[in-house]
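One chain, chain A, appears in both complexes that follow, with chain B as partner in the first and chain C in the second.
Up next, the complex of A and B:
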């Protein structure tokens, strides 16, 4: 049961997350409109990049971070069954995130920092944009510390007992974030801010990209964490099944901790400042993250099958029909898996050194991450909110039909958005461009696909509005006496876990060690090489 | 008992297995990525094991002697165009070039200014002349006349000829101020909607990109012929298709006006 103090805290996180999400979504749809043949050339492309910066920063940093934090606090109290330690610190951390978001978004909306969420050095925007992001990150580190503190306090009081799986996974995600955000933080503190504040006029863009890649891949796994946690600890319970294996779940999460970090240079395959051998190392470990991914897919499918059989499903496929398809959680996990499947197939192409040449920096890439992130991951954020909402508001969440409609709309909308988006990428349409001349014979065939994507975006906006509506109605419904919140139970009760799977020291050591192996030399070399800096380019050009 | 079990101990299989597996994967990946692949790759000129490792780690190559090989390979050109590709002209090189030049003057003019329809070489950038000669020789740019003529020239001969012709007078170099006035829009500003940068941003006026020939004072028919050849792909020795992408997008009228414009300067 959540205490009143924690409820307010978690609701604040979720509402801010969803507000940022809705605003950013509308911006995204506006961008698609501007890029589509439905709109003429916008005479000032800077407006487009302003919007993309706001959309990207809100969607990639603010929204998932707040969802992970809010969900993390909920897990800490619900899974450990102890009051949240450090409630004030949690509010302070929330305050920093709010302050940072406002500080960052003010210069963006004024057009002073249209540098995109990946910063794009040597472009340099207004210093407050970066300071804001640092504040957000520092705020999130407080959350990381609180997660660790709550876990350790529990461990002291329950010596020898296995840490509940939800908390184990949650803390793995928190530690992953702590280490992965160091890359971007170093880039901002040591490279970008000195220039943005006017102390320096040149910047080593190649090194900056290496630092950013440190953050860029693992941040994807951080976005994924709430989704994967929900797969393991909410889905089986919500659909009336059992978690197939508790140990498998723990192994997956520690493998994510180890492998999702030292692979970021797969975003730099076409960058000349990194040697091909280093790129190869990163490619190999990139392939390794497929291990926990496949483990997860296997475990979740098995858990869902258990649910189908418990509900009387028979035969090789009969259990599928027996699943509770009217249950929003069931729909969400199914849609998420379908989108993950398509997205994963696309990811194989990105992963290949050669094939990547064809789609590098094209709209394929944007199509790909919208499908995985906006589709497979975010649809589970919705499901998490639906699942937790009664426990946050103390009121019933009854609009089940609306929820189903919302999830269906999101799923269909996302496919309509991303399939043509991938396709124009193959045709060579570059990403991050504000205008395309569709009257040109070479571009004319792409016009229809971009229009279709825009229409799909309308479905997504409608779905997001429904989502907000469901949650608001949840606040207005009748008070109920809540049943105790339960996470999934494994098929075999977890009575004993090897210490290695009950603690993080080993995995953190491996994570840091691999980072040193895979990043140490390129960073040291680029720092030592003279004459690798270029003049910074202020992002404001009139 | 769980709490007495130590994680960082060789007796803990979780420790030995996970650390062993990670080190094993990293070691195999490093062997393949730093030794096997660089040694196997035929187009890399690695001198040995240490060299292979350095190349794969991304140590810059500038200190090593990069041989500009003349063997024909696929692609637009096998000349490596870089700011350092030409040494500063010295008297000796220019003198040797002057001695070789009589083979060329009957077509390209006594002082590099042609009265036939051959392109003017006087005042042409040395890198541009050298690159074209190399491409004629390797067959990346085809010309029945020039192909036969360069067959006997060595690398140093081509450098000497480039140094000699580059030093001959053609007329004043275009300035940015000229570029801003009188020139057609496509020359000054290009056409961003068609992915064309202004000609002046590569060919002089705004910027001279290494390897881009000087166009002003060139004969109109030669310029038109080259633009048409790029547009059809008949000429395809421009690296990354820089000129083919431009010319393909130009209308016939634009080709005419630009050819006339540059010829008239």
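Up next, the complex of A and C:
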């Protein structure tokens, strides 16, 4: 049972997350309209880049971070069955995230920092944009510390017992984030801010890209943490099954911890400042990080099959028909897996060093991550909210038909949005363009696909509005006496776990060790090179 | 514990791997003096035939155009792009080919390829470089090897800029 204090805290995180999400989604759809053939020319493209900066920063940083934090607090109290330690610090952390978001978005909305969420130097925007990001990150680090503190307090009181799986996974995600965010934090603190504040006028643009890649790839695994946690600890229970293997889950989470960091340089395959040996190493590790995802798909499919059989499904496929298809969680996980499957196929193409040359920085890439992140990952954020909502409001969440409609709309909308988006990428349509000259014979054939994507976006906006509606109705429904919140139980009760899968010291050492090896060398090499700093270029011409 | 052994083994392998393999050369250049001296002065941009018969194409990206804006390249010939940026990060891809390069100011990017058949291709900037990013498109004209030799004959550098 969640205490009243925690409920308010978690609701604050979720509502801010979903408000940012809705606003950013509308901006995304506006961007698609502006660059589609439906709109003829944007007289001031700077407005478009303000929107993309806001859309990207909200969707990539603020929204997933707040979902992970809110879900993390819920897990800490529900899984450990002890009151949340550090409620005040948690509010302070939330306050920093809010303050940081406002600080960053003020200059963006004024057009003073249209540098996009990747803010590649030597282009430099208003200092407050970067200060805001730092505040958000510092706020999130308080959350990381709180997750660790809550876990350790529990361990003291329950020495020798296995840490409940939801908390184990949650803390793995928190530590992953802490280390992931260090790359961008170093870039901002040591390279960008001295320039943005006017103390320096030159900057090493290549080194900045290396630091940023440290964050840029692993952040994807942070986005999917809440989704994977939900796969393991919510889905089997919600659909009436069992978790196939508790150990497999733990192994997946520690593998993410170790392998998601040292591979970020696959974003720099085309860059001149990284040697080819390094690129090869990062490509190899990129292949390793698919292991935990394959483990997860296997374990969850097995768990879902158990649910089907427990419900009386027989034969090779009969269990599929026996699944509770009317249950929103069931729908969400099925849709998520289908999108993950399509996305995975596309991911293999990104990964291979050779094929990457055809699609790097084309619209293929944006289509790809909208499918994985906006599709497979975010659809589970909805499911998490639906699952937790009654425990946060103390009221029934009854609009099950609306929930199903919302999930269907999101699924279909996402496919309609991303399939043509991938396709124009293969045709060579570049990223980050405010408009395209569709009258040009080379671009004319692409026009219709962008229009289709725009139409798919309308479905997504409708779905998001439904989502908010369901949650609001949840606040207005009748109070109910809540059953105790339960997480999934494994097929075999977890009585003992090897030390390695019950603590993090070893994995954190490996995570840091591998990052230092894989990044230390290229960073040292660039720092040792003479005259690599170039004049900074203000994003606004004064 | 098998996993741990595997990880440690891989770390050892990686260290040895690097010790035995020199990093590929990273070339730097000062964007402030690009246009004054060195290989990226304006007269040296475009396609040139090397003594061994291959072709080198030198390109500079700046807000918001490439120099030259139209690249002339032959079919069935090894082509090496050497490119850099005069200001912020740019990049380019050539539609329907595997050519895809990031231009980071301060560094020289190289990319080797071969073009199969004559074509008129688009070469957009594919990294956000400022409000004018969407206007930054160059063109590539792939011509028959013989035709290229005719046009390049005797000249130090050629392009298809009119």
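Going forward, the second predicted complex is superposed on the first by the 540 of 542 C-alpha atoms of A that agree within 3 Å, B and C clash if a C-alpha of one lies under 4 Å from a C-alpha of the other, contacts with A are read in each partner's own complex, and residues count from 1 in each chain.
Just so it is clear, a residue touches a chain if its C-beta (ideal position, glycine included) is under 8 Å from a C-beta of that chain, and two chains touch if they have at least 3 such contacts.
Keep in mind it's a predicted model, so treat the numbers as computed, not measured.
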Let's test your reading of the overlay: on chain A, do chain B and chain C clash or fit side by side? clash
Touch test for A:45: chain B only (first), chain C only (second), both, or neither? second
Which partner does A:206 contact after superposing on A: first (chain B), second (chain C), both, neither? second
Partner chain in contact with A:514 - chain B first, chain C second, else both or neither: both
Touching partner for A:143 - first (chain B), second (chain C), both, neither: neither
Applying the document's definition of touch, where does A:160 land relative to chain B and chain C: first, second, both, or neither? first
Given the touch rule stated above, what does A:427 touch, chain B (first), chain C (second), both, or neither? second
After lining up the shared chain so the two structures overlap, which partner does A:501 touch, if you call chain B first and chain C second: first, second, both or neither? first
Which touches a greater number of chain A residues, chain B or chain C? C
Clashing chain B stretch [against chain C; choices 98-106, 152-160 or 242-250]: 242-250
Identify the residues of chain A that lie in both the chain B contact region and the chain C contact region. 258, 273-278, 281, 435, 440, 500, 506, 510, 513-514, 517, 521, 525, 529
What residues of chain C sit close enough to touch chain A in their complex? 1, 3-4, 7, 11, 14-15, 17-18, 21, 23-28, 30-32, 84, 87-89, 91, 93-110, 121-122, 124-134
Complex contact set, residues of chain B against chain A: 1-3, 5-8, 12, 14-15, 18-19, 22, 25-26, 29-30, 32-34, 37-38, 53, 55-60, 193-194
Residue numbers of chain A touching chain C in their complex, please. 45-46, 49, 114-116, 118, 120-123, 204-206, 209, 251, 255, 258, 268, 270-278, 281, 354, 356-358, 360-362, 427-428, 430-436, 440, 442-443, 500, 506, 510, 513-514, 517-518, 521, 525-526, 529-535, 537, 539
Inside the complex, what are the residues of chain A that reach chain B? 41, 159-160, 258, 273-281, 284-285, 288, 435, 437, 440, 496-503, 505-507, 509-510, 513-514, 517, 521-522, 525, 529
